[in-house]
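In what comes next, chain A is part of two complexes: it sits with chain B in the first one and with chain C in the second one.
The block that comes next holds the complex of A and B.
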């Protein structure tokens, strides 16, 4: 290998060499950390909610001009919806996963406990909830119809039974024996855990519920207010039809209501897209920045190498005259770039780790996986080799007779 | 060693064809020292670049050390340049980013020679040109004469069978030129074939044979080898 003469020659081009190495180092540091953040965002927005989103539809209903007892109206609406062609099942609730709004509370294991054992989202549910959502019970049983009671707005829930998610059960009872145990939703009255479901995500996708996003508690209540969320389970291929016919059926049953035009009827695919719009947007923005940074670095390498090839045309001719093959010249420029790239990458690894440590302390970011740094380093070296290839190929085509031409 | 038969070199543009060499014939025997003279633009340098496989030719035949070179691919031509031919250019053509040692090492590295042998050859050739103490110097730190001696050392290190020199003393003062010429003669005495392009009649007179080129053709090819001794005598015979 001709490493030592290349290094020796590079010492005569310190400024250009240092600039490219620095550019590679900074690119590596920024791209590694950015890709790590993107990966975290993608993992965040790809997190399963635990419900059968493909078959679910939410309808927001607001009564107008009605006063007093909403319970019979709610019961009538549920009966109407369950008879809409294409609807498998339906229930009414205060909130749904990913919707961004709902109730949360702290759960204790003792009466009037000082500080909660775990935070949880509260979902109002009935005996139709689990079959409608497609949430899987892993222990215990579902609510029975006779266990569901009406709960007017602004009253405090003190459910006799609850169904909780496995994540919450593990948090409350780490030994796996939550079923049949008590938990305090209200400060002074225990609720018995009668079922454990595999997964049911909280309504919030942002930082607010980051620490308890998989902690959900189903309480056997019908929320009796003038505003309700209906969740419908729809047969495969019937989503479009039901989105049109279900609101019509509700209006036909009672016109004294408002179902918002824009987001009153939403399939869960749309609810998910809306919930993670900012995460997706940020991930795309960061990816674009990464691509631009890589493109700028590649352009820098192409530019500098092209300049060097032009500057060293005569020298390349001399090398060819002295016996260098085209392959030797190509290899010379590729090796030269690899050496600069390796210098930049070594510096970049230190910068990437340093930048991550700074973000860990300032923004509570996770520690950067070393695999990202190593993969980034290899990618940057390959990018460098790719970028230098065209000018290096041009250099290899400089004819040996160039040695005899005056500059 | 070097034989060209009816060789031609044509430079073509869209509107005109220019013959740099036309029906060019030359036969340089193994171990000969031939000076190639001629006016500017006569084709001397074109002949030298073709002889050194730096450039291809348009027609005719060229045998170098018994090999018909027109059929060789680029890699094979590079290999012959590296192993059989040494170049000395008027402008020295040292690589400015490399020190003297590394400059001499360039062709040896392309030959794939082991490090120890490279070092031995470099030190030997530097000693021969009297620049052992300048191995770590860069070309810019040397005088013109010293640079040309480094270029000669670079050619010497490869033990070439054929040394092609293009106005080797063109950029040097008289004293430096004399030193360089003595070195070339020294290499010739060791058995190398020398072809030297020059404007300088005194320099040409030091060769065994003169070849004169005008308008891309050899016009005076002396078949009888003359051993150089007195520059005055050869100068006269050339007239």
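The block that comes next holds the complex of A and C.
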């Protein structure tokens, strides 16, 4: 295929050519970056929490009109819940992964250290916590029942020992020897690390905790306060039943409580969906915009090329009369589109990278991987070829006799 | 003339329905996406108290210890009990209120309604007058009641509707957290957006259902809502110290002169605390106005900005697309335009005729865009975020939709119309 006649023809259609190229460039720039954002959001929302979500249920309970000693109420509730048919185990805590609210604190390696070594989430735990959550110990041991003490609401925890996540352990003791060492949860009293678990995500999924999302510390305390979260491990297939029967059992044991209607009883699948709703919404929105952009660009190419084919019917007829085959005409338009597309794509690559650099400064975005740009470029060239195919085919069907007609 | 051009435009648009539909669709999609995101941004970045915001300020002090200090650090976003009480008692502003978020267990008298928890605001009395909170019945509590643990409560309209069927409930008793409170006031509907006075309980959360005097609620140890930041030996057990920041303190300062005097007062107060050995850091104060405070706190989610930019980018592609299609459409009609030129129409009138056609596409696209924006906002309202319910199109945004659609399409029509009207008529006539 000779390129120079195509180029000289394009010189007569500068505006149209520039418009198609510009549209391809803009589409490429936006599509690359949105695909990249989608990938980031999907990576974010599919990060594991470390707990056996499929079998877990959370019940939020608040006492009404009771004051003072919540400890026996809490113990009674746990006994009630553990006897509900379908419940394997249960424990009470201040917060759970993905719930969005909890307690964060800085950990030090020295007493009253200036600035923390690592940030962590604090989870109140007992000997039932690890088996309930299905969190695996990779080193050390679980808490024993006699090690759990009561802690009144809003006091400062000074745990004698803690269980921490592997991510936190390697942050505190990078040589992998955290077990048995001390860490300062309280500024002046050390806590011994007696166990390390594989993974347990912090309660927050937003930017606030991005730097310590896998740092969690379990402290051997029962939080004695008027509001608590019960976490239940449910037998496979029993989730629906337990969601109905467990709150009933609690109300039957004691009516002076509130379990909120909307989010009081939630399986972890729902907690996860809620935690990542905005990320998922954003990813879906981006995907819809991408598809619409590609469709609009394709439609634009079809529209302009059809016009050019209509405009050049006579010339096409002349070429056909002079011996050009249908294939020649078809490949003329395909090549023409490829040339415009390549121009657009080159401009688009520069735009895509520029747009990404701007977003890095503006939106805490990461740097765009070049693979996205290349994949986008190839996709747009293919889209262009696909879009131009129908008008090109119509052009190739222009009969040679057209050369002799004046219109 | 305009009417005639409009008729010509309709004729021409009807002639090639696919191309017209494509242009209208592209404009509608671009406008719909842009207006949806613009409306969300418009709602979220609005002024919660347009008549008052210029006079409201949010003082920040820095009572923290030296741990983790670095130069230029911003002071904490909230104040401690001690500082809040000191500033409140100093009373240097025209109005001032110290407050925190909380929750109360409401135990309705009728057994038909189960006990429930409701978000509450524990505050001193100026909250109501300073923020122009409208009352439906009754009034706020007085100065004396702020100081003597009075068991009084102000209800929101929503809670009054729920508990008392919307009738005047002032003077009645409401049982909360096992104690009886006398209702002194019922608010009219009030939802400042954003929830500026306490961002720790959600940037766009609804206003609280019940309002209690601060001291009363704290002494009854009612549950707290919000965020607390403690340092050193500050423990959450005793909140009445200077070692945890967890309260919001707002002041009303009627003139800029008063504002700068108040800032100086905050600096003097900090120096005094430092010389008393209470503060460890050098004075580090801020006195941000309401809108500055919202800006500093980045209340508008960055995703909303991202969506807006994405939508505007999408609109640009749609417009480039429309320019291309219009170019094709206008140039295809060079024969017809040549006839008009040959019959005496000036370049200007051909240009005007083509722009009317472009504007018509824009108008129809604008109607489509409006429908899509309504649909888009409905979709936004289905989302679980706490600002979702606020996403409604208002009159200015409605007007903006059409303005944007028509002006964008006119801009898009400029190049094609110019290209079509500069063609010399003679060759076009010959070709035709």
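Heads up, the rule we're going with is that the second predicted complex is superposed on the first by the 407 of 407 C-alpha atoms of A that agree within 3 Å, B and C clash if a C-alpha of one lies under 4 Å from a C-alpha of the other, contacts with A are read in each partner's own complex, and residues count from 1 in each chain.
Rule of thumb we're sticking to: a contact is a pair of C-beta atoms (placed from the backbone, for glycine too) under 8 Å apart; a residue touches a chain by one contact, two chains touch by 3 or more.
This is a predicted model, so every value here is computed, not measured.
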Inset, instruction - Look at A:2 in the shared chain and tell me whether it touches chain B only, chain C only, both, or neither; answer first, second, both or neither. - result: first
Legend entry - Partner with the higher number of touched chain A residues, chain C or chain B: C
Inset, instruction - Scan A:22 for contacts with chain B and chain C and give back first, second, both or neither. - result: second
Legend entry - Partner chain(s) touched by A:326 [first = chain B, second = chain C, both, neither]: first
Inset, instruction - Please indicate which partner A:48 is in contact with in the superposed arrangement: first for chain B, second for chain C, both, or neither. - result: neither
Legend entry - Partner chain in contact with A:180 - chain B first, chain C second, else both or neither: neither
Inset, instruction - Considering only touches as defined above, state whether A:274 meets chain B (first), chain C (second), both or neither. - result: second
Inset, instruction - Would you sort A:62 into first (chain B), second (chain C), both or neither based on which partner it touches? - result: second
Legend entry - Shared chain A surface residues [contacts with chain B and with chain C]: none
Legend entry - Residues of chain A defined as touching chain C within the complex: 15-16, 19-20, 22-23, 26-27, 29-30, 34, 37, 62-67, 112-116, 152-156, 187, 226-227, 256, 258, 260, 274, 277-278, 281-282, 285-286, 289, 292-293, 296-297, 299-300, 303-304, 306-308, 310-311, 359, 362-364, 407
Legend entry - chain A-facing residues of chain B, complex: 45, 48-49, 52-55, 74-75, 78-79, 81-83, 87, 89, 91, 93, 95-99, 102, 105-107, 109-111, 154, 166
Inset, instruction - Could you please specify the touching residues of chain A with respect to chain B in the complex? - result: 2, 4-5, 8-9, 11-13, 314-315, 318-328, 399-401, 403-404, 406
Legend entry - Residues of chain C touching chain A in the complex: 19, 22, 26, 29, 33, 66-68, 105, 107, 114-117, 177-178, 223-224, 230, 232-237, 239, 301-303, 305-307, 310-311, 313-314, 316-318, 320-321, 323-325, 327-329, 331-332, 383-385, 415-416, 419, 432
